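Please go over the structures that come below.
One chain, chain A, links the two complexes that follow: it is found with chain B in the first and with chain C in the second.
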Partner chain A sequence: MTTQNQISGTPGLMSAPQVGRRSSIWHQIWKHRIEYLLISPFFIIFGIFHGYPLAFSIWLSFQRWQGIGEPRWFGLGNYERLLKSERIIGALGNTIIFLIILLPIIIGLTLVLATILNSPQIKGRKVLRVLYFLPYITSAVIVAIIFQLLLNNNSGWINGILEAVGIGRVGWLIEAWPARISVILMVLWGATGYNVLIMLGGLQGIPAELYDAASVDGADTIQKFFFVTVPMMRGVILFVGITTTIGLLNLFTQPWLLFSSSSGSGPDDATATLNTIQYSTAFQASRYGEAAALGFIIAILVIFATLIQLRLVRTAEA
Partner chain B sequence: MAEMSAAIPQSQVVGQSRMPAFSRILVYLVLIMLGIFFMFPFYAMVIASFMPRNALNSITPTLWPNPFITSNYTALFSGEINPDLIVKTPFIRALFNSLAVAIGQTVPALLFTSLVGFVFAKRRFPGRNILFYCVLVTMMLPYQSTIVPFFLLMSRLGWINTFWPLWIPWWAPAWGVFLMRQFIAATIPDELIDAAAIDGASLLGMYWRIVLPLIGPITAVLGILNFMNAWNDFIYSNIVMNDPNMVTVPLLLNLFKGATLTVPEYGVMAAGSVIATIPLIIVFFVFQRWLIGGIMSGAIKA
Partner chain C sequence: MAKKNFNKSISRRSFLKMAGVSAAGLAATTGMGSAFAAPAQQEVDESLTGTLVFWGHGDHPLDYIRVEFLKKYPNVTLDWQQIEDHAAKFKTAMAAGTGAPDLYWMEATDVALYGAQGALLETTDMIEQIKDTLIPGKLNEAYVASMGGYFGMPGDLSVSGIFYRADIMEELGIEISDNMMYEPDFLAILSQIAEAGKNAVLYPAGGGFVATAQWSWFDAQFGGSGPTTCDNAEVTINDEASINAVNLMKKIYETGATLQADFWTPEYWAAINSGQLVLDLCPAWARGFWESNINEDVKGVWRVAPLPRAIPGGPNTGVWGGATLVSPATTQNPDLAKIFMQFAFGSMEGATAAGNWGIIPPYLPYLEGPFQELTTDLFGEQVIGPIWLDMAQNLSLDYCRTAAYGAATGADVLESSIDGMIKGEVDIETGMQDVADRLAEILPDYQV
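On to the complex of A and B.
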């Protein structure tokens, strides 16, 4: 992407002197009419179905509207009510719990697993890579069905196994902390394989000479991991950190489908997230203004978290 | 960060001394345990689909189908699952709906994103950067910020219980344009485009004869991920489809799951899950090389 000529792709035309000096912006636009024509179907759809809803959503978040009659101006009322609501505070607390537990586990587990799977000494690593990835392609609804089959209190297979080995039954789907652990397991099950692949991609970019040099200095496997792999993977680790954080701030399908009878809230609201509350506010209670406002609160959180972590990337790279 | 990087040399962890037997056994033990963690739910799904209802709801579950039955599958396809179930949609109808949603969404999306990606990558015109930034900005916004107006717009258009809400809006995916643009900018030399221009090719001609034949890998990756997301979608399908004849496979299975039966029909749900997962597993294995390569190169965002 260097010169004008290369981009426009028509050197003959472009190097010719511009038509007079009246080459206005309109002239430029007319000259590129075919480009506009080709991208216009995309941008028409994009504008109607992505741009317009965004603007509409901002407006709606300041209205009080239940889907019937005319929306009424409500100012910051929706935001005020949401930020004071105990359910919202509780859901934020749940999200923070999920983040604190899952973020280090996902990063640590996927980095270690990728390191192992990258080692040529391990046989069958290509097969393992595929096995770990398969959950990623499974529908969340199906995952929820299987997890209910495995974790339900009376006939769940896991409780059957736990009782057989003498540990006893756990109320996976009916007690607060076990319910959170169930959601955590479900997230881990789905997300690990994908992130292992990202980490593997990063590992393959580390020059082999660095490991050779470390060997010459007498470093063992563990030392190489901490003094070569981890520093070299800083960027990839932060990338996985950012996408995982965004994913967890958007956590919805796992609690919603595992605890569908309570609209995702789970026992004692232990698994409620901002998203499960938004979905039920909009599509069960039809409180559209409030749901739109909650959507923006989630968006602000996501953007804020992304900016913080991008800041970290820049500091780390400086 | 998400740039499509050219082939990265495969680094071998050379010079590494051979692991002592003890730690090697430990490593394999961890790998196998994780393998069980990732495979056991699939195992449970397949096994449960051949198990009768009373065995699945027994307080002492068995890990092997005894007796082994296939009636879960026949019940699924006949729609005659349980007299107490309100939903009678035959599974084949849901399969058809899912296929229609996934194909009708993916094929036009690939066409649009490759065309727009090409124009953004290789042409310069007034407003190009602003338009591209608009696409990038919406990529950063979570879907929650627009899902409410999305639904209201669909109701206003009278599109509830039609395929349109799951087709048209998804023909313009921001991330698809972004990835196509990155790929085309990085892999197709400007000289090729220039040469075609000298030969008098039109813009559409360049796209058709030069760009399309060269974007196979990214098209495969985007196509599979798009198909997969559409096939598995719950969040959007659930709000626009409520007619039992229009439900997709995930929605139908979810209706079975949410049905207020005193004893859930896990066997039938498992059978449906097996059938819904098989096409994806086949597609995955056919395109495995591209998909895994694409994700590993950091090109694909979740």
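On to the complex of A and C.
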């Protein structure tokens, strides 16, 4: 180990372990300089396009800034404003509603659809896979226009059908809960195909021997699904669960496009999400500091939700 | 053109949605049945060179002006970049201090915000030479009091009026007068329309920015100054004029005539095409978009009238949107930018082109000249110039769209609160006090 005296020539200024660690790190870097040089482009690009903006956003979240002129120090003012804002609490409530309804539906539906698509008895599976995936790659703007036409109060097809069967019109785009359901339908329609493909990939990795063994033990199709498929798919289900949760906590496009007149908020603020509020705070109200603070609140929520899911899975495994 | 509290990109998004479907439609309609003024003959100036970059939405009035400008200055390059998210992109470029275009179509509230920070090109020298030819109500919006100068060229006179189906009104025995009061005249008309099973006045679910546009009109008409005083120092959104404005909105809603549809969506156009929506309150710039989106068979049967008055002798119009043409202070072509600005809205050629698109330029020689003869596809044989000019000269000079206006009328303040008051779920005075408290909390953000 390099000694303190060898490094500084000044005994007593630094403790030996500190100097030794630092020396060791620089030594290692120098020793592997070519390798570090080769991977450095990633870190440089990451630093410029992710590291710096992240650091700037943290700093910005403590400022008042309208996107022009000198930012003014605001301390925790932006966070304080947001945490006592009824609108933010309402948007968080909307997000939780979307999460509670959509998460189990997306996981359950996509697992069942993928299991069906994975069955050799189903004909035209390739065509079905393409059909399921198409919504994922269709422009959200076009989808929103079509949903608006379908869900129109006066001239929409859905209300036309409901009236024809005697149920009567539903204010899909003009009442709070129907508006939420409209957003849920649009999210579900778009998210199903992608997640079915993920589930399908997981299903195809389950060894056939496990199903054979279950058959030998007398398991029927339902039992095989619950006692072979589901346990073997735990990792994939966790992945879909986490990515869906992150997506829903960042929900923006669907409410924004369906309820453009109200900046995505919909009737009675029923479809406002943290992200629609963040966007309008930044780019409509020009309060960039507050928007940055909201971004960090959303990030903390995402991390928190992900940790809960990981903990739940580990508990189940234990 | 612009609309609502127009620092809202979503409305531009709405415009662009429509523009995408119908840009060709507008081009086609402009030549059909309208008595459009021919731009004045221009002398060609080949000595002027340079490049100007403009960002804006598609189907833009500056498209027409661009064509005329290039006829006069053929050696200038006008790089028109018409993109959906131009507002967010522009604000980002301004925040970065680099990369902004030379020309931008900016809402009054942003002119106040950016102008007060010295971020816009000062145009006082140009304006001083032509200010007598511009409508005062619009000229005010380019003036930044804290800097003592003009920052931009007044562009789109956002006077607003009533668009109504003359034929259906006649069938219903309703007369739309040029000199009505909201109470009792207009409310009685709305009740009559509702009784006939028709709709009048758009009111989207939740109110949205259409509701705050109505509030802006009525507040100005009741003598209000907007959400704040014109120096942006004090909150006035809960003053008497503002509360009267919300009360009037509630009364209009309670007539049962309002159409519940989202702003300018297929449902809205379908209501017009089917004769279900027979009257609406609209800014002047709406005409171009209407002509692009409604069926041929319902063009020519619409007429325009001034807004009713809220108080005797008060303004018969109000503002909604209406942009100012600005240039960032960082432009590399300040002189060329000013030449374009002056051509666009301070010359007969530019003003005529803007008028032909569908907006009302603030240039008095045009408004008092060719505009007085203008007829359009939408309004058929009605000569619309005198009506709009009268409204333009009636614009309240006490109403201001300050730096805080956009946020005050936006999603997290008035827009999200007003619907409950209109529907009687929240007491109006209590509700507006809450709105005022919220605005007071964020107002320092918009003060220099």
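Note that the second predicted complex is superposed on the first by the 258 of 318 C-alpha atoms of A that agree within 3 Å, B and C clash if a C-alpha of one lies under 4 Å from a C-alpha of the other, contacts with A are read in each partner's own complex, and residues count from 1 in each chain.
The working rule: a residue touches a chain if its C-beta (ideal position, glycine included) is under 8 Å from a C-beta of that chain, and two chains touch if they have at least 3 such contacts.
None of the values given here were measured: they were computed from a predicted structure.
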| item | value |
| --- | --- |
| Touching partner for A:Leu173 - first (chain B), second (chain C), both, neither | second |
| First, second, both or neither for A:Ile308, with chain B first and chain C second | neither |
| Touched partner set for A:Ala291, first chain B, second chain C, both or neither | first |
| Which of chain B and chain C A:Ile96 touches, first, second, both or neither | neither |
| Contacts of A:Ile45 with chain B and chain C, given as first, second, both or neither | first |
| Chain B versus chain C as contact partner of A:Leu83, first or second or both or neither | neither |
| Partner chain in contact with A:Leu149 - chain B first, chain C second, else both or neither | both |
| Chain B versus chain C as contact partner of A:Asn118, first or second or both or neither | first |
| Partner chain(s) touched by A:Gly69 [first = chain B, second = chain C, both, neither] | second |
| Winner by number of chain A residues touched, once chain B and chain C are compared | B |
| Intersection of chain A interface sets (partners chain B, chain C) | 141, 145, 148-149, 154-156, 260-261, 283, 288 |
| Chain B to chain A touching residues, read off their complex | 1, 5, 8-19, 23-24, 27-28, 30-31, 34-35, 37-42, 44-45, 48, 56-61, 63, 112-113, 115-116, 119-120, 122-127, 131, 134-135, 138, 140-153, 168-169, 171-172, 174, 177, 185, 190, 193-194, 196-198, 202-204, 206-207, 228, 231-232, 234-235, 238-239, 249-251, 253-254, 257-258, 264, 266, 269-270, 273, 276-277, 280-281, 284, 288, 292, 295-298, 301-302 |
| Complex contacts: residues of chain C adjacent to chain A | 5, 7-11, 13-14, 17, 87-88, 91-92, 94-95, 110, 113-114, 117-119, 204-210, 260-263, 265-267, 270-271, 276, 403, 406-407, 410-412, 415-416, 419-420, 441-442, 444-446, 448 |
| Touching residues (chain side chain A, partner chain C) in the complex | 64, 66-69, 81, 85, 87, 141, 145, 148-149, 152-156, 171, 173-175, 179, 256, 259-269, 272, 277, 280-281, 283-288 |
| Interfacial residue positions of chain A with respect to chain B in the complex | 1, 4, 6-12, 25, 28-29, 32, 34-36, 38-39, 41-43, 45-46, 49-54, 56-57, 60, 113, 116, 118-122, 128-135, 137-150, 154-157, 160, 189, 192-194, 197-198, 200-208, 211-212, 215-216, 221, 224, 235-236, 239, 243, 246-247, 249-250, 252-253, 257, 260-261, 274-275, 278-279, 282-283, 288, 291-292, 294-296, 298-299, 302-303, 306 |
